[in-house]
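See the structures that follow.
Paired with subunit B in one complex and with subunit C in the other, subunit A is shared by the two complexes that follow.
The block that comes next holds the complex of A and B.
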């Protein structure tokens, strides 16, 4: 065998190995994801959220038990799976966190400033929003995602969210689609889902909010979007603003029909 | 006050599988704050007495199997940490 053909053979062998290695890595990642899901403390956050939901707070010393998440005061079953949606009383489309904030200001009589003072917690002290999100979202397990998409304001939110997803701006001239725009991209072992396509949006939206094992924190969808904007070096978006709600509306409508199985557990 | 706990005990292939979640900071920096003892009781009888350390994660999950057991048996899991705080949970095997 000549030296050249030997090199050639080696090369063919090496190329043939690549898909196998990638497949193994993917399998290992799936195994890891299964392991972290089995050891997830998500239910503890749900329990903490239930306590807060029932706890009288604010100037009105009222609990959130009469909070209307779209299906009537206090109805939690499947409520999260139908958010974001249009709320007549507020005349805007709201996601879970903006609706909770609405209930805190209207039912409990708290100021927006006070209620949003600490929306993102840390590992030592999770925020009220994080606990409540876990509790409310947990009541939608098994229900298909069905965010509002019929009301003109819901359609408007979807269109705004879609526009924001592809809108490039900021110090690095990035959009959501810069990372989540092409298939097959990855940051370290984290695959980047192409979220404007239903097959990618479905499993993601069905598992947020979520507990992250790498920092022992429960994270809300508002945090997820806030942090994407931080990573893109944009100015910080306002919590529960029309823009952040619109993005969630766009993503959830894209994921429509997927049974909710969160709160999830992420790396 | 100690945070909530959650437990599931189910019959699995003739044994009792127990999965228990504990809310605890398991602080690994000073001042250390971690669970030292976990005790498991089956119908009031102690079947596991364990010692753990700060090497265990925050909000730990323990999963283990007890030999035998039957539907309706009472399983109790309790913990005690280095500050003397404790909590326990009891539930029936399903």
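The block that comes next holds the complex of A and C.
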């Protein structure tokens, strides 16, 4: 991964060279976003994910090649664009990571505990989930986001996600809407999309998961939600729990129709 | 009377479709877990969190006044001058740590002020979630009343605006009395870059 680290360092260095004077900030940020998208190492993560997808693992010594992401065993084309969705075999709505976890436990025979021991990686060692997310999501490029919204449990997940979005609690009394509630706001220099509105949810949900240049890491949507709750001063949302899936369901349904163009490259 | 008003208000407001804030709280109790200093009691809503959630941050005026008065009582105003050291205040305003599961418990946190506000003109990397506080003291003065207001606002913003998005930085244990005084100085001291 030293190559990735070097690429990341290059971009962080480039960032430092961009003068972020307030009035020019927006233009500079846009220029920077374009620059980082042109040399992104996302493809390397997709290749790493493909290797892991095909690698026999766990007590069953099975690969994930028969994993059913909603369109049949092993069908990857456009599968990510249709998540989260209801899965009859698990009788719950699942996002990409919770479905991958399901396949790890059912096909590969791994324990949930073992498979979730290290779901978020770091610069030197990305996690299995991160590689796999890059690979699976990449197979949906060009397909319109169409998360499940018809099954009663899908409707329930959407409603729960929406309620979670506006729910204020935690040591700092925050909800998602505290930061992602009004248009044109920033934390420091970071612009904040108003994610309950389709026009803002669309470009964001169409580019997650994503490679983050500032720390040379590939990040999943589960990580994004986890890290928001950390900064909101909540306890930790459990990986792949219904609450996290419901939030992603709410956001992805809100973004419906946008062609997927990730995995993205972000600051 | 206040309690009755409170419960009446809760019954009268339609929550978000099928999920009441109590339902959401139950989901969080099931789907979240304690980590480090971020303990599970944090998902239990207090009265104002519930009122603000269920009213979409627009509580009826009477109820808001009553609950703001309750919040005002939580503020522990120190005696004497409330103006600390603006230089220390500037550092506290820059720091965004405190109360997260990745922060060590007991280590001094920061005010995260620049995340949302403009303060010193030299710091151009500031957020815009809150109003600009540039020249705050120069415009408003720095007398005892203003000192008391700024101290109180930082300690518990909800005493002045019930559904404010600003954290209750003293009440939540994020900042100490000394740290808040240093922030009061950053905003009010004529020598502070905020006012020069």
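One rule holds in what follows: the second predicted complex is superposed on the first by the 243 of 267 C-alpha atoms of A that agree within 3 Å, B and C clash if a C-alpha of one lies under 4 Å from a C-alpha of the other, contacts with A are read in each partner's own complex, and residues count from 1 in each chain.
The rule is short, and it goes like this: contacts are C-beta pairs under 8 Å (C-beta built on N, C-alpha and C of every residue); 3 or more make two chains touch, one makes a residue touch a chain.
This is a predicted model, so every value here is computed, not measured.
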item	value
Partner chain in contact with A:209 - subunit B first, subunit C second, else both or neither	neither
Contacts of A:70 with subunit B and subunit C, given as first, second, both or neither	neither
Subunit B versus subunit C as contact partner of A:160, first or second or both or neither	second
Subunit B versus subunit C as contact partner of A:124, first or second or both or neither	first
Partner chain(s) touched by A:43 [first = subunit B, second = subunit C, both, neither]	first
Touching partner for A:84 - first (subunit B), second (subunit C), both, neither	neither
Larger contact residue set on subunit A - subunit B or subunit C	C
Residues of subunit A at both interfaces, subunit B in one complex, subunit C in the other	none
Subunit A - residues contacting subunit B, complex	38-41, 43-44, 47-48, 51, 123-124, 216
Subunit B residues touching subunit A - in the complex, by the definition given at the top	3-6, 21-23, 25, 57-61, 63
Residues on subunit A engaged by subunit C in the complex (per definition of touch)	20-22, 25, 156, 159-160, 162-164, 166-175, 178-179, 181-182, 184-190, 192, 229-231, 233-238, 241-244, 246
Of subunit C, residues touching subunit A in the complex	15-19, 21, 23-25, 27-28, 30-35, 38-40, 42-45, 48-49, 52-53, 56, 99-102, 114-116, 124-129, 158, 165, 167-168, 172-174
